[in-house]
Amino acid sequence: MSSAMESNQHVFLISCPDSQGLVHKITGVLFRHKLNVIENQEYVDRHNKSFFMRTEVMGEFDRDTVLGELKKELPTKTEIGLYPQTAKNLVILVTKEPHCLGDLLLHQAAGDIKAKISAVVSQYDYLRELTERFDIPFHHVPVGEKTRAQHEVLLEKIIDPYNPDLLVLAKYMRILSPKFVAKYKNRIINIHHSFLPAFKGEKPYTQAYERGVKIIGATAHFVNEALDEGPIITQEVVRIDHTQDAASLARSGKAVERAVLTKAVNLLIENRVIVQKQRTLVFE
Amino acid sequence: MSSAMESNQHVFLISCPDSQGLVHKITGVLFRHKLNVIENQEYVDRHNKSFFMRTEVMGEFDRDTVLGELKKELPTKTEIGLYPQTAKNLVILVTKEPHCLGDLLLHQAAGDIKAKISAVVSQYDYLRELTERFDIPFHHVPVGEKTRAQHEVLLEKIIDPYNPDLLVLAKYMRILSPKFVAKYKNRIINIHHSFLPAFKGEKPYTQAYERGVKIIGATAHFVNEALDEGPIITQEVVRIDHTQDAASLARSGKAVERAVLTKAVNLLIENRVIVQKQRTLVFE
Amino acid sequence: MSSAMESNQHVFLISCPDSQGLVHKITGVLFRHKLNVIENQEYVDRHNKSFFMRTEVMGEFDRDTVLGELKKELPTKTEIGLYPQTAKNLVILVTKEPHCLGDLLLHQAAGDIKAKISAVVSQYDYLRELTERFDIPFHHVPVGEKTRAQHEVLLEKIIDPYNPDLLVLAKYMRILSPKFVAKYKNRIINIHHSFLPAFKGEKPYTQAYERGVKIIGATAHFVNEALDEGPIITQEVVRIDHTQDAASLARSGKAVERAVLTKAVNLLIENRVIVQKQRTLVFE
Amino acid sequence: MSSAMESNQHVFLISCPDSQGLVHKITGVLFRHKLNVIENQEYVDRHNKSFFMRTEVMGEFDRDTVLGELKKELPTKTEIGLYPQTAKNLVILVTKEPHCLGDLLLHQAAGDIKAKISAVVSQYDYLRELTERFDIPFHHVPVGEKTRAQHEVLLEKIIDPYNPDLLVLAKYMRILSPKFVAKYKNRIINIHHSFLPAFKGEKPYTQAYERGVKIIGATAHFVNEALDEGPIITQEVVRIDHTQDAASLARSGKAVERAVLTKAVNLLIENRVIVQKQRTLVFE
């Protein structure tokens, strides 16, 4: 994927029932408005008779006029997202583990991801020092005697003034209520490790050790009501071997979680992901 | 791993409770018998206080004398396997899918694996033509009205005269009884695909499609009473994307199954695997 | 990539100078002829101001009419390839090594690649037995006292009646003359291994051993006048380690060559590759 | 590899001409001194008739006595390194690029590598801010009118008081003199990217783009007189595609450089690398 961003670049993400001539109609609107198509990808899901398109354009245009013309040309049930290719605004939620947060902070500091990390929020105070090294505000919101609902109200009070494009759960180990998840629909992403083959239950790295697992994976996904089962954004694996004890497996797991979460954040920043029911289309 | 094989090479696979001086004692016996150590690997499982060693030696020696001396030097519960590094004798069980069988046949024909494929056995007649292209006997053992026990008696009658070192289930889609599995303990290997994260149930590739899975894996493992849960030998993955329908995912799954099964067979042929409870130690 | 093929599917591969409205114009022609777009990918090379498009369509149409209309709509220097998505016709050239040939034969036999292997041709007789196991004609064309030109005339006499879509050099270890290469322009593909970092000269695997190289790669590419430097189609690598001697490195090298050549053949069979100067665009 | 470190753990790295009974003799010395062997790996280079062993032991012992006994038992030309498994002391040299430095700083801050980064040194002042975020001293040593020799004298004056175990060139873009390299023999490591297949000359990412390269690799190696050709420690690759322009290729190259350098540093910290002529043995 090419990811240079310029101020007058925008991405259209379009989903609609499939029919003939869709690309022709869409590009016709863009052509009339003298928009330059930089990158264009379509995908037809023949099984579900659905059409998806990601189009990255360069040029000046009136947002409402173009969206209006597109809607007139396309089927009734069409959904269109229109996003400027500018830096996204992130709020990161963490608990105690620094590896995912650190990777995001570092990439931002090096200019390798087009994000502004506006704040880091946690139910503990552990990661304050790391966060503040990068001059980013850290908010400690202890749980204490609060109910989940009460705690989430406090989270929202801190998060909402930043108006984030994306809430990144960087090893945030608390379950979020369906109400909270619904409020930030398709804007919360999470990371978790997994194993081949999978197993349920406590102490996963101990189980992985006992089973002699040879590969650890990590999955970045949107959060929906089912915490670890929202649409998958991206995945990666790392090879392990019998000389690794549970602690060493955990280190390997962290390394792959970190890489996968940063990659997922990048895909979302560049507006490369469309959610369709329980799955994503990723236009890399 | 180095895998050139010569006729006077042998591998010792040793497991025992850990204690001080084990390597010294073992290599002392080998040294007295003027055996040249070509490759030597040990692993101490500190959690379970167990010691494991794979030693590949070159030279002439009297099998019983050396094994006797080793047993005298080592703790009571020591298990020692002693294997010549010569071509292994395989019988392959298949159903209808040709991809894993074909890869093994081809590698054998090219001399890339040190195996003699003695026979291919199946409950169907589908893969006869492919097998016989390579001048290998194909045995069709239909199930018909037979019970599992009756069918397995027929299988054994065909398999046992070949005296195989290894029974390879190359997409053999019938469950084997605990009795059959026990008879060939630690000598039956199986291959299956899996997903990150995993899910149970029918039509796995359709589920993988619906969930938008981005990685397919394959696991080669020993067969024990729990068909797909014996000790894992090796695993590999392949990346997939949203443009693949269920049929295309199935093709990717086959490719990775094929590669992983052939790799596992190679590890066993070279005597690189020790089974310890529910896990394997793989000395690559 | 989705690769199911149906008889009324075609692929357009279009290259032209970039200008506004190209996608709109092209899809307009397809729309007027009621062609269903199944898969569509474009790429704009902004550096070279070039536009590339791969469009897979389904439906009945008159070839000349559609091509004529496209040419009228598009810039003067446009190149359009139009290919039916049907099985391609291959002739394979080999020398002595069986690994790449075997993999292609096996995939064809299993129906995993949409190719008809029409013939195998070699300057030696080594691989006759393997080829004939799959009921495919093998032609032995010894070099003897012949000049390169004389030998190639004999090759052409054998190859041309098969009218191949693709000449696959599956470890064919003889240099082809510029004249021969020009005759089959962009239809000859070759495979070779390489190392990170690279080195020149004799006995590459011995050099790789001495340098302690940790990765071996393989590159499938089109053959042009510079034998190993035509446009790259696809590449893959395999990890190696210090326990591997030169012979073992050579085995690893073969495994990756085999996988890469088969993958490249598949990409070409599905018409996913456009050659642009010294590089390829691969629409996976 | 298992990498938990405890204060009374040590690693022996032994190289000597091969002969019978070496493992027996070495482990005999360790056994007499009641040292527990935690991890043990040997490798016999049959081609060069050389023996290599990495042994990790736990326990109290007198360093000189044990080394003396080992030398008495082993051939004349034996080389023995004995290293405590404690955190290593690093000095990092950089120029302008932050990606490799940042990854090392972050891993150290997270406790993921057992290193103390004592200082960062550069001919420019660019990376001061990043370094000081982690409370590590940054030394700016401008080149100005100085000769290479004069500049290196200043570098040594800064480096030597830190008494580093390892000098890490984290994209340090200045050639070091043979004299400087010899002073820190086998203690300087460097990182560079490379391509499959390789090419020489200016603007490598532009060349990679023009050639349509599909894979970028990175190599971490010891620095010897030939700057980029010292013994290779580890390598990794990343897949790229035709949609990436030279700038995007450069980003991919940085990501793989960063991962590979950090991995190499870890291997050295854990004393897993033996240099043998132009190659390394890596006991993972």
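Labels for the chains are A, B, C and D, by order of writing; each one numbers its residues from 1.
By definition in this document, contacts are C-beta pairs under 8 Å (C-beta built on N, C-alpha and C of every residue); 3 or more make two chains touch, one makes a residue touch a chain.
Since the model is a prediction, treat every value here as computed from it, not as a measurement.
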{"item": "Contact-graph separation of chain B and chain D, given in steps at minimum", "value": "1"}
{"item": "Same or different residue numbers at the chain A/chain B copy interface, by half rule", "value": "same"}
{"item": "Higher-contact pair (C-beta pairs counted), C-D versus A-D", "value": "C-D"}
{"item": "Chain whose Cα centroid lies at the greatest distance from that of chain A", "value": "B"}
{"item": "Whole-Å gap between the CA centroids of chain A and chain D", "value": "35"}
{"item": "Intercentroid distance (Cα basis), chain D paired with chain C, Å", "value": "40"}
{"item": "Of all residues in chain B, the ones touching two or more other chains", "value": "39, 43, 46, 243, 245"}
{"item": "Of all residues in chain A, those that touch chain D in their complex", "value": "1-4, 39, 98-99, 102-103, 105-106, 109-110, 112, 130, 133-134, 243-245, 247-248, 251, 254"}
{"item": "Complex contacts: residues of chain A adjacent to chain B", "value": "43, 46-47, 194, 196-198, 209-215, 217, 219, 228, 231-232, 234-237, 241-243, 245-246, 277-282, 284"}
{"item": "Residues of chain C that touch chain A when the two form their complex", "value": "20-21, 23-24, 27-28, 30-31, 34, 36-44, 46"}
